[in-house]
Amino acid sequence: MTALSFAAITDADVAAVRKSHPGAFGDPRLRAIRVAGWALAIGYVLYSLHLFEFVKLFDSSERAWRLISRMVIWQDMGNWAYAQIYVGIAQTVAMAFLGVLIGTIFALGLGFLAAKNTMPVGVVRHAVRRMLDVFRGVDDVVWGLVFVRAVGLGPLAGVLALWISSMGNLAKLYSEAIENIDRKQVEGVRATGADGPRIIRYGYLPQIFPVFLSLSLYSFESATRSATILGLVGAGGVGMIIIERFRAGLFDQVAFVVLNILVVIAVIDWLSGMIRKRFIGERGH
Amino acid sequence: MALTLTMPPVQPGQDAVALFEAHRAAIRRQKLTANLLLLGGFLVMLFWSIDVSRFWPESLIAGVPRIFEYFGSVMPTLQWDLLFAGANAEGRFPQGSIGFWYNDFWTYLSLIWETILMAITSTLIATALAVVLSFLAARNLTPAPWVGVVARRFLEFCRGVPEILFALVFVFAVGIGPLAGILAITIHATGALGKLFSEVNENASMRPVDGLTAVGGTWAQRMRYGVLPQVLPNFTSYALWRFEINVRAAAVVGFVGGGGIGQELNHVISFYSDDRVTAVLILVVLTVTLIDLVSERARHALIGKESLK
Amino acid sequence: MLEFRKLTKEFNGKRAVSDVTLSIPAGQMVGVIGRSGAGKSTLLRMINRLNDASSGQLLHEGREITALTGRDLRQWRNECAMVFQQFNLVGRLNVLTNVMSGRLFHHGFGTSMLGLFSARERAFAIRALDRLGMAHVALQQTDTLSGGQQQRVAIARALVQEPKILLADEPIASLDPLNAKIVMDALRAINTEDGLTVICNLHTLDTARHYCDRIIGMQDGRVVFDGTAAQLTDRMAREIYGAEAAEAFNEALTSTSLGGARPAPAVVAV
């Protein structure tokens, strides 16, 4: 064992170590793959930025500046029609609540139909799952527009859109929760001589209720977010106010409305967190 | 609502069973009141919601039949014998064939391709930005407390505003086209990923970071060598998951002029109520489902590899 | 020469290290002993500024360590390497990269972010590993190694820093007796052959007696003993350790006195 010094490492030393430990100098193939991967990613991004005319971003400074300054400088605050804004926000929350509630009710049935352990008939299970894929595969906004076309402008279209998308999401998550159930607890209840409904009440329900509740609450939170933009296509709620005022160039009011929505969503997150804690305890799901 | 679940100790001369029963009754009463209050709140919320969103029986009765009417009108008319019929001399497909239904197939396909590219581009850029911001925002790693606060507020803002609102703003700023959509999705995804990444960072072990501080490493070197190797598998998994979401988002930013299939989707749904609506919708659903499937496989492979170690 | 002048560290009004005044000449092997919570770790971590002193001064060759910032501070940390009780290696990187990370101070932003280490650095890192008998696992993922192996990797990382001082914070507290001996032998060898100052926090008394030229005893943040192993009486030691005396004197626990004799520095078991 002798003292080491970096300065004393000569090319001969490097050659000697290279001979005794060839792996220490990196696998050239691995390095080539890594370099190629990075080159591909960076090349792709550069190419796509070119493809999507990224330079436009730099030509737009004047309009962007006008937009931002109008958003920050609030003018004529006396005439902002606050009642309309807050009714819009209330409507947004109400749409999300109803949509998720109805979605939850339907998802309860569909979830059991899509789970392997409660739906042994493969054809039915797969049909239900594919249907759920369709519900989930399309964004709420698209459903919103479709329902606006079907039932006309207004919050009814929004509720229907949120119902469809939350039903699709929740039913899938529910079915996963049902499949992950602990069989031993069900066996335990069955061993006491319980009949069908009792097995469900004491074997299944205590396990899945907290999970279901928690999932529905999360769904409510995200539905509130989606509900704010459903109005952009005319499906009711505060989004209609946003797009009207945006088109009219009232950017300061748009900024105000968005800030209010952010606050409302934060409050809903907090409230649903409280309810989760009440029913599920600190562990949460 | 706190429940007292511990039973008072049994005093000499008291009947333990009676005491237990009394205690049980008290707990039940507490629980009952709490549940009744929640139920009351729920009912108030329900009726208020029905009223505010005008979900009244009469509007339902008027509206629901129209839903079926509408979906009936957008279903394609397909005939078995003509299903795979080719185009005639003028290049037209006979009504009832798939060719007729998907007359604009190649237009749709190129728009879907654009949508996927938009999602890939914005996921890549957002991931890169989120990685950097997540180190600044993580409470245990931030170079200075005020930097952490600023980074966290910024990420909150980015993910608080929906993509489509950002798209609205960017369409105004840079004009109609995919660039506005990409910018919008990138900002929102940066916020969402940045939050998730910084939570992963906060759970990382600080020991390697201490080790690299002692070596004389800069902040960036500590993050690169001390934290990044720990969190990289999680980051990748989250980025893939975000890609799935971004594909959905890229399909709708077009509603406000942000490019991709959304523009066509909006156009078709708003102006026609015929089989073109289902033609585009089916393509979108297929694309999204396919990408979910592939990305989910990749994520599971990633996690599987992790748990083996 | 490392000089402590009334060095003090307070955590929330409680003094962890209190008015420590010492001077440690270059090339000494110093063992710091004391019960847990006596302030040994804090004292050591103040030397490379992982903890900042509340008051007092630390000087190295006349340079005021307590006032260093930015690049000067990092340079100082590079000059005084540290090994930790829990090794503090990056478990998911391979051994070689962990060792090479000891060279990070000499790297700019670009090369370190891209992980570009030169062939000379790689050769140097392998030499360092070889010196500790660990070159054969250079490409293994670090968290697959045993504790003793990881600690030797950590020492190799310290060596590639080419430090003037080596700080060891309870280097053997998580190791079994055999590995503890290997690690302590390595530290001693580095001290004698490279002339490095080694400052080592030790929980067990006999280890300190066996390996160190000088023993510093700490109690409640104060230095209560400073002298050679021979000067440390049993009574003094019992007072330093207080209630933990039984544990500290129990040679069977994390003792390094396997062979009983003073180790021959030239031999490092593999």
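Here the chain labels run A, B and C in written order, and each chain numbers its own residues starting at 1.
Just so it is clear, a residue touches a chain if its C-beta (ideal position, glycine included) is under 8 Å from a C-beta of that chain, and two chains touch if they have at least 3 such contacts.
As the structure is a computational prediction, the values presented were derived from the model and not from experiment.
**Q** Which chains lie in contact with each of chain B and chain C?
**A** Of all the chains present, those in contact with both chain B and chain C are A.
**Q** Centre to centre, using CA atoms, which chain is the farthest one from chain B?
**A** Following the centroid criterion, the farthest chain would be C.
**Q** Please work out the Cα centroid separation of chain A and chain C, and write it as a whole number of Å.
**A** About 49 Å, centre to centre.
**Q** If you average the CA atoms of chain A and of chain B, how far apart do the two points sit, in angstrom?
**A** 2
**Q** Help me check something: in the complex, which residues belonging to chain B touch chain C?
**A** Residues 207-208, 210-218, 220-221, 224-226, 229-230, 232.
**Q** Residues of chain A touching chain B in their complex?
**A** That would be residues 41, 44-45, 48-49, 51-54, 56-57, 59-60, 63-64, 67, 87, 90-91, 93-95, 97-98, 101, 133-134, 137-139, 141-142, 145-147, 149-152, 154-156, 158-160, 225-226, 228-229, 232-233, 236, 242-243, 246, 258, 262, 265, 275, 278 of chain A.
**Q** Sort out for me which residues of chain C touch chain A in the complex.
**A** Contact set of chain C toward chain A: 96, 103, 119-128, 131, 135, 138-139, 159-160, 162, 189, 193-195, 266, 268.
**Q** Considering only the defined contacts, which chain B positions touch chain A in the complex?
**A** 1, 34, 38, 45-46, 48-55, 59-60, 63-64, 66-67, 69-71, 117-118, 120-121, 124-125, 157, 160-162, 164-165, 168-169, 172-175, 177-179, 182-183, 248-249, 251-252, 255-256, 259, 265-266, 269-270, 273, 277, 281, 284-286, 288-289
**Q** Where on chain A does chain C make contact in their complex?
**A** Touch list, chain A to chain C: 1-6, 9, 13-14, 16-18, 20-21, 23-26.
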